[in-house]
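There are structures below to look over.
One chain, chain A, appears in both complexes that follow, with chain B as partner in the first and chain C in the second.
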Partner chain A sequence: MSHPNVLLQPLSELETLDFGGFAQRLEDHFARGQRLLSLFGSPSADPADSTPELHAVFVDREQGLIHFRGRRQGTQHYLSLTSEFPSLHCFEREIHEQYGLAMPGHPWLKPIRFEGTNLKRMNDYPFYKLKGKEVHEVGVGPIHAGVIEPGHFRFMCYGETVHHLEIHLGYQHRGAEALLRQASPRKIPPLIESIAGDTAVGYTLGFCRAWEALCGLTVRLEVEAIRSLGLELERVAMHLVGLSGLATDVAFLPGSSTYGRLRTSVINLSMRLCGSRFGRSWFRPGELRFPFNQSHKDDVRKTVQQVQTDIAIINNLFQKSKTVQHRLCTTGTVPTPLAQEIGLVGMAGRASGLSCDLRNELRGGAYAQHPIPLVVESTGDCWARGLIRIHEIDTSLNWIMQLLDTLPEVEAEPPPKAEPRPNCIVVSCEEGWRGEVMHCIQTDADGKVAHYKVQDPSLRNWFGLAQAVKNNAIYDFPICNKSFDLSYCGNDL
Partner chain B sequence: MSNFLLVFHLAIVFVAPIFVIGIVNRVKSLWAGRRGPRLYQTWFDLVRLLRKTPVYSQVTSWIFPIAPLVILATTITASLLGPIVPGYAPLGFAGDFVAFAYLLGLGKIFLMLSALDTGSAFEGMGASREATYSALAEPVFLLGLGTLAWAGGAHSFQDLVIPNGSWAIDAVLRVTFAGAMFVVLLIEAARVPADDPTTHLELTMVHEVMILDHSGPELAIVQYASAMKMTMLSGIIAAVLNPFSETSYPILAVLFSGAFIVLVAVCVGLIESLIARLRFRALPLFTFAAFLAVLTSLVLVTANQGEFH
Partner chain C sequence: MNLLDALKVRDSQGKQFVPDVRAANPVGFRGLPVITDTPCQQGCTECSDCCPTTAIQLQKFSLDLGRCVWCDECVRVCPKDKIAFTAGYRTASRTRDGLLVHEGRGLGPVEASEAIRKIFGRSLKLRSVSAGGCNGCELEINAMANVNFDCGRYGIDIVASPRHADGLILSGPISANMAEALELCYEGMPDPKVVIAVGACAISGGIFEPSPALDRSFLGRFAPDLYVAGCPPHPLSIVNGILDLMGHTDGRW
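For the complex of A and B:
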């Protein structure tokens, strides 16, 4: 049985349209209410042609993943669809930046991460300006006072009120996609794990499934269960970090210290299971590197129960604190229609009332056997993004306990010997703690990686942060930022 | 006896700030389930900073390096005017409580100027917020002291805080003033819920952001002065609630005030442990409550004029 989070197709069978037909298909899928997972480019098969092929991936609850591509016919132009579907803005900007494809009609054609030759333009980012005697401009970063990643935030303020925020990223660009393309298969997983180190498991699982599909490997259902266990532990740990950070930023000491302490017990559990607190090297394609026996099972059960007991107390304190509510409620609101329009995904999307959760939409692997309830909040403010974390932690911990009830002891699985199939394209996606992580691998005639595309949920959500801050006070920005908790390196690749 | 009180006063002004900060931090640590630093850790922090060479931004002018000295000088002078036990302060003259308020104000102006001097957007925002905070705290402070002066007919700070008049009204007056002063202290000493002394977020800071560019001995001076200011404000609260007169029970008066300063520090620590910081825009409401309280006590005094003098 193939995994619903993966879609493998020989290149020859991939549905190919011209640019006009491609745009039409995109509109059709949007009209049917299907959700766009990604729109990206890949180099044309003809080396003389600099126009990229465009790929679109949609998610549908019944049909699963839908993947088709667009190719230029003759002198055809691609006309930007962003004005019609604003959620496409970042994808079209990325394609424009990576391949130089003209995007006539794009209203906000700004650099995403200054790749390749654009690096030289890093210092003249075209900031949007407000003019006026009393308008003031505040620039933050790329070097910050705390230990956070580099990014530049430019605020246009009137008094304490932010009227426009522009986020200028790219400082973490490492050329990840090029590295993945050139790396030997053994070296790909460590690279994958360091694209966004806080989602190491989320990224690796997506890669494993894609690679397994390419190599024609299948893994046992128990192995899938252990993988999902790792993914949920990562989600719980990162949500705890987020809550601790949120509490720190509003100076709520009990939350700040207790959530932080609980996070340590969760990542230490990961360490006991796989030797890495961040789940690095835990999973590899077709393989289970660490067995899961009765003592591991007891350990997981004991730790999860302990966390469940303690978190209930602190959740109660956090949710009932009037001052915490005062700071978080109605701060940094992204209402549902706006979230829908700009295409928020993952946790931030669910906090704004969107039901985007691949675990729920596709129900792959262990989630087929043990469905995980969808957690949605409607208000879209910082409070909602806090509550989403609280509820998702509870849901994930309960889910883990449920999984353990039916999970037998699992033996380690030795690494398989298999080669990827030539001339294929595979798309895979996984709901990491922050949102959906997508991988797309294309192989050439020799079965080597010809193109590797990877997408972090942060690419789409950074714009959501900029929208959330609008008309809020500038001193509330750090709370908004923490509530989204987006990845800089995941965006910059 | 006045030598004894002088030694006590100077000890509170110069030594206690180290411990006041230590107590606040210890309470927070215990509440968070940690052991916390030594009570006199601030002393080591200050010594460490004093050993460092300061770094100056190229855009700063002469205001920047002298500001810490002005802040320290004004804070020390003000601390000599303010009473810690009722009826005693090393310095005193008619109307000295106004001098007290504006000496601290002068220090603050220099702090704001030195922040603006760096040309940083953050520090400019911090200075603007600090000015707003001062504008909110000043009326509470002066109206409170004015009410005490009006009630007691005293003209100098040390005599203002001596109990007189009817027992009940006097008690109400003093407790109200102490409560309002505690609000002023939280704002002036940049503590939660007005400010967050431990935050690393430049955009939300008030006091901390203004001293971001200060380093080495100058940073030590500013931090020491701000701890001194907090101690002095707790001392005033202690003095106003102190039931022992410095002439009849000097030892008890001193012990009460010393213990009360510790209590205030514990309360600050508890507040920081238990509640989150307020929104900047909600602060006027917070200070307005204090203002209303002192205004009520003024009405009470006016209505019962006969009871006093």
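For the complex of A and C:
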């Protein structure tokens, strides 16, 4: 049985349209209410043609993944669709930056990450400016006060009120995609795990599925179950980091220390299962490296139960505390229509009332047998992004306990010997703790990786943060930023 | 009502700190590798072939912890069980060469720096800079200061401003786009100052080493005073490395 989170096609069978038809198809899918997963470029099959091919991937609850591509016909131009569908802005900007494709009609072609010919030109960029006698500008970063990745934030303020925030990223650009395209298959997994090290499992699972599809491998359901266990432990751990950080930022110290030490319990559990607190090297295509026996099962059960008991006590205090409510409620709001329009995804999208969760939409692997309830909040403020973490932690922990009830001991699975099929293209996606991580791998006539595209949910959600802080006081920015908890390196690649 | 709830949290919290970071036991951690003196199978190059960061040298067999990403591949392919990872977390060194693990010989102890002990005493304030770090090392640097590892009790603190810092704690392979900001931050710290490189990326470029989007010239000009190997290193590795450097002889605070 094929996995619904993966779509493999021979390149010859991939639906291909000209740029006009491609744009029309995008509009049709949006009109049908289907959700865009990604829009990205790949080099033209003709090395003399610098115009890239464009790929669109949609998610549909019934049909699963839908993938088609656009190709230039003759002297045709691609016309930007961002004005019509604002959620496309980041994709079109990325394609423009990576391939130099003209985007007539795009309102804001700012480089996403200052890569390639834009490298080291971050200081030359002219920021958007508001003019007025009492308007002032505040620049923050790339280096911030805490232990955090670098990024620059440029605020235009009137008094303490933020009227505009421009987010300036690219400081973390390491050329990850280029390295993935050159890497030997054995080198790909450690690279994948380092694209956003806080989502090592989320990234690796997507890669495993894509690679397995390319190689014609399937894994046992029990192996899928262990993978999802790893994914949910990562989600719980990172949501605990988020809650601890939110508590720190509103000076609510019991939350800061308790959520923090609960995270330690969870990542130490991962370490006892696979040797790494971040689940690194836990999962590889077609393989299960670490067996899961009764003592592991008892360990998971005991740890999860302890976390469930203790988190209920701190959640109660956190949610009741006036100081927390006062700082988080109505701060940094992204209302549902705006979230929909700009295409928020993942946890932040669900906090704004969108029911985007691939575990629920596609129900792949262990989620087919054990469906996981969808958690949605409606208010879209920092409070909602706090609550969604609290509820998702509960949901994931309950789900793990249910899983354990039916999970037998699972023996290690040795690495399979298999080569990727030639001339194929595969798309895979996984709901990491932040949101959906996408991989797209294309193979050449020899079965070698010809193109590798990877997408972090942060690419789309950074713009949500910029919208959230509008008309808020500038001192609330750290809370807003923490509530989204986006990846800098995931965006910058 | 709230007071009672707060007391319940305090009660559930109990004591969370690791009593002695010098003698902790991180169960299950894939840490310091050991290389046995079992001879390799004739002509076998499996481990060095599969190493994603070319950390293994077969001539005078060695494993460079400054490059290792602890992916466990070498252990899995070796027909002779020559390499094994232990839960050891002392993975720091004062010198780059000191990160080489040889047959039957682990890392040497980190020598205390007399100069650092004299100048900074039992207090070291560090400014963290992530320059292309994947948030793995950053999370572990943060964890070093949390209620479990609590490095503050030893006088080690992460500070917000370079002006308050006695040194730089660097993570990430140094992306070209961060090179200038990193240097400005370093220049902003008052002299004398230390540099601590944390993680395979900072030490050698790690898995990103071949990328043209890096600019590692900073490290050519300002060599680290301490290297902490790992991908990412355990908070215990970082704390112990710094304590050694500062000349702490025991785990008391």
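Definition applied: the second predicted complex is superposed on the first by the 492 of 493 C-alpha atoms of A that agree within 3 Å, B and C clash if a C-alpha of one lies under 4 Å from a C-alpha of the other, contacts with A are read in each partner's own complex, and residues count from 1 in each chain.
Note that in this section contacts are C-beta pairs under 8 Å (C-beta built on N, C-alpha and C of every residue); 3 or more make two chains touch, one makes a residue touch a chain.
Keep in mind that this is a model prediction, so the values were computed, not measured.
S.K.: Here chain A is shared; do chain B and chain C fit on it together or clash?
M.R.: Here chain B and chain C can both sit on chain A without a clash.
S.K.: May I ask you to decide whether A:R261 touches chain B, chain C, both, or neither, giving the answer as first, second, both or neither?
M.R.: both
S.K.: Quick check for you: in the superposed arrangement, does A:V57 touch first (chain B), second (chain C), both or neither?
M.R.: A:V57 sits against neither chain B nor chain C.
S.K.: Per the overlay, which chain contacts more chain A residues, chain B or chain C?
M.R.: C
S.K.: Between chain B (first) and chain C (second), which does A:P478 come into contact with in this model arrangement: first, second, both, or neither?
M.R.: After superposing on A, A:P478 lies in contact with chain B but is clear of chain C.
S.K.: Once both structures sit on top of one another, what is the angle chain B-chain A-chain C taken between CA centres, to the nearest 10 degrees?
M.R.: That angle rounds to 60 degrees.
S.K.: In the overlay, answer first, second, both or neither for which of chain B and chain C A:P190 touches.
M.R.: second
S.K.: Does the superposition put A:H136 against chain B (first), chain C (second), both, or neither?
M.R.: The first partner, chain B, only.
S.K.: Is A:L253 in contact with chain B, with chain C, with both, or with neither (first, second, both, neither)?
M.R.: A:L253 sits against chain B, while chain C stays out of touch.
S.K.: Output check: A:E160 vs chain B and chain C. Expected answer is one of first, second, both, neither. What do you get?
M.R.: In the superposition, A:E160 contacts chain B only.
S.K.: Which partner chains sit in contact with A:H326 here, chain B, chain C, both or neither? Use first/second/both/neither.
M.R.: A:H326: touches chain B, not chain C.
S.K.: Between chain B and chain C, report the minimum C-alpha distance in the superposition, expressed in whole angstrom.
M.R.: Chain B and chain C, overlaid via chain A, are at closest 5 Å apart by C-alpha.
S.K.: Taking the stated contact definition, name every residue in chain A that is touched by chain B in one complex and by chain C in the other, in rising order.
M.R.: Comparing the two interfaces on chain A, one with chain B and one with chain C, the shared residues are 145-146, 254, 257-258, 261, 321.
S.K.: Tell me, which parts of chain B touch chain A in their complex?
M.R.: 28, 31-34, 121-122, 124-125, 192-193, 196, 198-204, 212, 272-282
S.K.: Taking the complex as given, what residues does chain C use to touch chain A?
M.R.: Residues of chain C touching chain A: 1-2, 5-6, 8-10, 12-13, 16, 26-30, 50, 52-53, 69-73, 76, 85, 128-143, 146-148, 158, 160-161, 172-173, 175-181, 185, 201, 206-208, 210-215, 231-232, 234.
S.K.: If you look only at chain A, which of its residues touch chain C in the complex?
M.R.: Interface residues on chain A, with respect to chain C: 114-115, 119-120, 122-123, 142-143, 145-150, 170-176, 178-179, 182-183, 186-187, 189-191, 194-198, 200, 241, 254, 257-258, 260-261, 264, 268, 271-273, 275-278, 280-281, 289, 309-310, 313-314, 316-317, 320-321, 415, 487-489, 492.
S.K.: Going by the contact rule set out above, which residues of chain A touch chain B in the complex?
M.R.: Going by the criterion above, the answer is residues 136-140, 145-146, 160, 247-254, 256-258, 261, 321-324, 326-327, 473-478.
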